[in-house]
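Next, two complexes with chain A in common: one pairs it with chain B, the other with chain C.
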Partner chain A sequence: MDMNEIKEIFFQECEEQLAELESGLLRLNDGDTDPETVNAVFRAVHSIKGGAGAFGLDDLVSFAHVFETTLDCVRSNKLEASQDLLKVMLRSADVLADLTAASRDGGTVESSRTSGLVAELEAYAKGQPLPSASAAPAPAPAAAAPEPAQAETPAPAAEAPEPTDDSGFQPVPFSFDALDGDDDLAIEDGRSVFTVRFKPRSDLYAKGNESVLILRELAKLGDLQVRCEADDLPSIDMLDPEGAYFSWLIRVETDQDEEAVRHVFEFVEWDSTVEITAGADEEAFAAPDAQGGDQPMAAVPFDLSLLEDVPAVSAEAAAPEAPAPAAAAPAAAGDESMAPPNLPLAAKAIAAEAEKKETVVPAVPAAPQTIRVDLDRVDRLINLVGELVINQAMLAQSVVENESGGSSAVNLGLEELQQLTREIQDSVMAIRAQPVKPVFQRMGRIVREIADMTAKQVRLVTEGENTEVDKTVIDKIAEPLTHMIRNAVDHGLETPEKRTEAGKNAEGVLRLSAKHRSGRIVIEIADDGAGINRERVKAKAIENGLITADANLSDEDIDNLIFHPGFSTADKISDISGRGVGMDVVKRSIQALGGRISITSKPGKGSVFTMSLPLTLAVLDGMVVTVANQTLVVPLTAIVETLQPEKSDIHSFGPSQRLIAIRDTFCPLVDVGNILNFRSDLANPVDGVALLVESEGGGQRALMVDAIQGQRQVVIKSLEANYTNVPGIAAATILGDGRVALILDVDAVVTASRGQPLSPDMMLAATG
Partner chain B sequence: MRISDNDMLELIAFTLGDQEFCVEVISVREIRSWTPATILPHSPDHVRGVINLRGVVMPIMDLSLRLGMAASEPTQEHVIIVTRIGEQTIGLLVDSVSDIFTVATDSIQPAPDVSRSVDRELIRGMIPMDDRMICFVELHALFETLESEAA
Partner chain C sequence: MKKKVLTVDDSRTIRNMLLVTLNNAGFDIVQAEDGVEGLEVLEESNPDVIVTDINMPRLDGFGFIEGVRQNDRYRAIPILVLTTESDAEKKNRAREAGATGWIVKPFDPSKLIAAIERVTA
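== the complex of A and B ==
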């Protein structure tokens, strides 16, 4: 694995950390006071800083460091996580994301953005620390080891009293004078002495770290005196083979400062207790045996030669994970009656120990194991499974065609094959399914930015972030969603003044939600703004020549005018959402995904944009139909019902329109063959079948086809890959006979039936 | 005079009616017999539709019609030359494949400035071969125009 690959992994992890950071900050913003949330946020920034340091990404490191310093004040309850502070922190998170992106892709982040935030963060860090007692309990023992202040930033913790944490651990007074200069500590030859107590927790070893390596690293700084303390080592029957019992008392004599010493522990500080004191603790080194007199093993002089060149074997020996009689204890606990009387006691003690452990270490639910897989590999698998599905269908069809006596074994086998293929397909699709969370999280940032630019107060509420949908869909909805969010803040919500005037809360609420509904994902963007100004929309449409002045439009029709190409109601072209791309672009990109979008609006109450998208772009449940000798597939989700028209149900309307009476309503009849140019004359409805379809915003239409062949799951094949987008056609598929069948774009056909022609040249003909 | 490999072109010749044409072999993936295509609505006449090429949906272009000649009436004898440029694969419907040959680039003559019916952008030049004349079709131009026309 070369450096670039490692760097790539680092950036991938950065993305996860940034997401973690943002969601943590948002939780805090919503009033979450769990210290673990603060810790998570801190950890995220800290990990980014650590990794960035390893790759020499200085901009990232220095910003992350300031951020981390301020977070540390919050973490140690010296600073209250006020709304104002959280706003600054959310903006800092955005900048951190930008800096990360800049480090990855090249480019820079405006220094004014970083320097402004750095100043704000530093001001907070220097601000009034809270008395530690009144705040929530200090998180984790690590709080006793405050982050080192680096030379260029103020030491936030310096003025504050050390919090006493609840683990019973008494922090050692920590002289920050050390940071001012080495003079105070200097002994004759200009070298400083530090005493370090280093107590690893079992997590440190679990993560593949090794105390000996840390000590070896420390030895590079100067002269080392190390003593291993084994006071905590339990008797062998109590020993947890994976526990960590040893701690080290280290005397370092070095010409470096405390920072350098602390730096050695940078990657293990979360999994160990590290105390660094300036000066020598001669007493501790002097009287080792006095404390542990009854336990001869308690203090072990540490063989420094181990640090020189550590072969694998001695490293193992030095590790405190002494092999334990793992087998003996459980066996004893297992059968009390057979065991000597003292063993159940031991078992109980183990249980007690385990209980104690549980209370000390908060039980973290085991995260499901995951692996990173290159997306290309998954896609290749999905393509292959797609081929398999087609192949299976072709095989089944040829067996049916050649079937003479009805060999049940073959049929049975085929049925099983079909079931297995379907299961494989579902499982493979599930690999690609991802929660919409990352996209939703990005929207938080968009909202903040636009709110700042428009001086509006906006709160984004997200729901159903864990709703899963195919990765391609996720990737492709980000852009239209961004546009809609911008639009909602810019045009939908009013200014705080106007809102107050209207008797609303000055802060507007934007609700972004996702849910599964009948095999599709439905994403809603609801604002509590002024709603669509129908008068203005109508006036604008007349002005632009989209409708005639005397056009009689329903409210729904007017609302849907905003999806018309070239339509923009903003009086001024604003920087934010009026860049010539309007809702028509959003609508087209949603449609390109096989989705639909609609709007409902209530004057004074706000608007709701609803988009419904397929869960996957790879397969589709369709109804296979025949139209003018061509085989077409109509997406099943679009079909409300199918019916056989009676002659008496068909009514002529105007010169060429025909309506079909369905129960008590009249529904326009659309001849699919005619609209797709497969035939020039209109088919006789009585000879065919009508598919009642519902399109977003367009009401119901009855699509006339010649015959229904059946229902089938089909693999979606792109037409654009080798050709181009075909009006009225969503995509193609390959049927059991190996022929290509086209998948009908129901919305486009319905739109065309309303007089908007399918192809550009038809449009010219219609408007000219 | 020695001619280096760089100056040589390997071409595949085919017939459309009584005329001979050729394209570069390097862009040809395979030659397969005609199978009925699925008609695409609202497409130019020379796009005969799409067929299934081992799971890939490939458009078929009637090259004769595209070059301004009569539309083909495909039979079992007709063949499809599968060509690929970049990421795009297109099948060319032709009467039959006649030859594979190599020519020096400097033997290609510019197309004469006579006809309005043949889109001259599609013709890279003329190649004299014994007493035959083979028209060299520029595939890149063919691919580019397919997309712009269809849109």
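== the complex of A and C ==
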């Protein structure tokens, strides 16, 4: 894995965090007071900032930082999450998303957008008493990081003077002239001498720090002389094995500055006393000598070579010249004098031997276990299962053909196989099923943006966002949904003034909902706006030549005019609704998904757009029928009922139209074979079967086919991808006998029957 | 002998960066996604040093450190806190919980390795 791949992961993660951020903010907006919600929101921003920092995405970092700071105020209850603040935060989340996208794809975000929000966020953070942070000394860790000069660090012990007495210490020759000038501490080549007094407290060890490691770190800076002072060491019966009894006197000769020396103690400065003075303190080092040899344990020079695998300290170099002073000391001082350097290690050993106690783990709900799988793998599996389904069907068919009567064992086995295949298919499809939530969440942002641009007040309410649908569908509904949401805010909802005039709440409500209905997902976009202005729509359609002035249209027909290509009711083309990109495009893309869209509208009350989509684009339950010796598949979801027409039910209407009487109503009869040009004449309805289908506009049609073969699930193979788009045909499939069957595009056929020619971009028949 | 590092961080990005950086530096790595998992992994992996984030779901870094310190086997294990918080308040809390030291994000590999070597024998 290289950094580019990690960066890719980072952007994926950003997507998730941004979704988390937005949904969290929306929950807060809805009055959620769970502290964990604020925490999750904070973590999302924090996480983005952390990753962005690692990749040097400075714009992202600085904005995230300001955002995070304000969130932190909310998190620590220093700032109330008011509705106004949440609005600012939601907009900030949008900008954060844009900054992330800009970092990923290149491009920039207008600095005016960020700077305005930064100012607002900062004002919120400052408007309340600020936390008294940064009062404690915060060492600048990043700037002061030592450059461990491992390559050329001289072995300190080797250069240390030969010990000559029991204390094992002899001061180095040192020129006091060096101390004369205050700023002239240099010995040679810019090297300075510091004296460090370091007295750890027991907390230092409790936190996993160790004095010896500090000394080792210090040794990386230059030459050390170390003396361990054990004045405070109690007698063994009083000794707390985890106590801190030793202090260290250290002389450092280094080419680095005092800051570098101090930095070594960064982790322990709270748990110890550290005094660093420039220059050598010969007196202090000399002191033990003055005290004489009767207190050998009071000050033990410390041999760094005791530290294993410290490259800077050469044990070989130290040993012959300096006969291990610390090792010599025990002879005089007794065993416990070995304790100083090893104390923490001993504590560890004790800890290790101590009976293992149960770790206290706060009870938390188990998170659902998930794995991330490359989509390609799932797709391959889905394809394979598709083949399996076909294969199973072929096997079943050949058994039926070859075994007259059939052995019940084989048939039973086949039935089980069919059931298992079906279950495998469902399970595999479930892998790819995703809640529509992420798409719905994106709509929140669209609504906010357009509300801002149009100066309308809009509240988006989402329902059923956990409704699952195949990923292939999810990927494709975002765009039409965006258009519809834009349209709903731009055209559907009124301005606050107009709403108030009409006696409505100034804030318009947009309801976005999803639900499963008979094997399809139905997504509704409902606004409580003015509804479709039918007079205006009609006038516009006449003006554009879409309908004749005297056309007699039902309300439904007029409403459906807005799906006509190029139709736009906005008096002026606004930025939002785009230029000619209107509901016709929406309709086309939904149809391309095998979906339908319809509208119902009530003047003054609002409009509801309903789109119904297949749950998956991979399989389909279909009715296999014969039309003019061709095998076709009609999607089961489109079929309301099937019936065998009687001669008396059929009525002619005009030169070519025929109607069928079904329970008191007349329904246009559509000869599929004729429409698809399988045959030029019209079939006799009495010889065939009528499939009553419901088309997107709500009207019913009776499709005439020659015979019904059966009902089965088929795997959809795209005609467009493998061949070319064929009008009236949605896709193809492979049947059990290995033959290709075409899947009928019911809506297209119904539309064609209304007099419109079958063409790939066939649209609504406006003139009915 | 390779030193074993337990990293605890909820960010996939950071986990991967730690993995790559520490792998390249010759460490053994075990990883956890939050404090709760961290305590579980700790039991089975017996690491030499722990690097943990602060802000995590379920159990944050402070709670995790306290949990580690309550475990007799690990009460003296070096724990480095990996966090973007450079302010003293967070550091103090981490220290009080028992952190050994810290690394300020964004970290560069050398800084991370230096900090780990600094606290491990």
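We take it that the second predicted complex is superposed on the first by the 519 of 768 C-alpha atoms of A that agree within 3 Å, B and C clash if a C-alpha of one lies under 4 Å from a C-alpha of the other, contacts with A are read in each partner's own complex, and residues count from 1 in each chain.
Assume a contact is a pair of C-beta atoms (placed from the backbone, for glycine too) under 8 Å apart; a residue touches a chain by one contact, two chains touch by 3 or more.
Here the structure is a predicted model, which is why all the values come from computation and not from measurement.
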Inquiry  = With both complexes superposed on chain A, which partner does A:Gly594 reach: first (chain B), second (chain C), both or neither?
reply    = neither
Q) With the two structures laid over each other on chain A, which partner does A:Leu213 touch: chain B (first), chain C (second), both, or neither? A) second
Inset, instruction - State whether A:Arg43 touches chain B only (first), chain C only (second), both chains, or neither. - result: second
- [ ] Give one of first, second, both or neither to describe whether A:Pro685 is in contact with chain B, with chain C, with both, or with none.
- [x] neither
Partner touching more residues of chain A, chain B vs chain C, is chain C
Practice prompt. Go through the superposed model and pick first if A:Asn677 touches only chain B, second if only chain C, both, or neither.
Written response: first
- Task: Name the contact category of A:Gly53: first (chain B only), second (chain C only), both, or neither.
- Result: second
- Query: If you stack the two complexes on chain A, which partner ends up touching A:Ile734: first (chain B), second (chain C), both, or neither?
  - Reply: first
Interface residues of chain A shared by chain B and chain C, listed none
So, in the complex, the side of chain A touching chain B is made of residues 383, 386-387, 390, 630-631, 676-678, 717-719, 721-729, 732, 734, 738-742, 758-760, 762
Chain A residues touching chain C in their complex are 1-3, 5-6, 9-10, 12-13, 39-40, 42-43, 46-47, 49-51, 53-56, 131, 133-138, 141-142, 145-146, 148, 205-210, 212-213, 217, 266-267, 270-271, 307-308, 344-345, 347-348, 351-352, 354-357, 359-362, 364, 367
As the complex stands, chain B meets chain A at residues 36-43, 47, 49-52, 55-59, 87-90, 146-147, 150-151
Chain C contacts chain A in the complex at 10-14, 16-17, 19-20, 36, 39-40, 42-43, 55-59, 63, 67, 69-73, 75-79, 84, 86-89, 91-92, 95, 98-107, 111, 114, 118-121
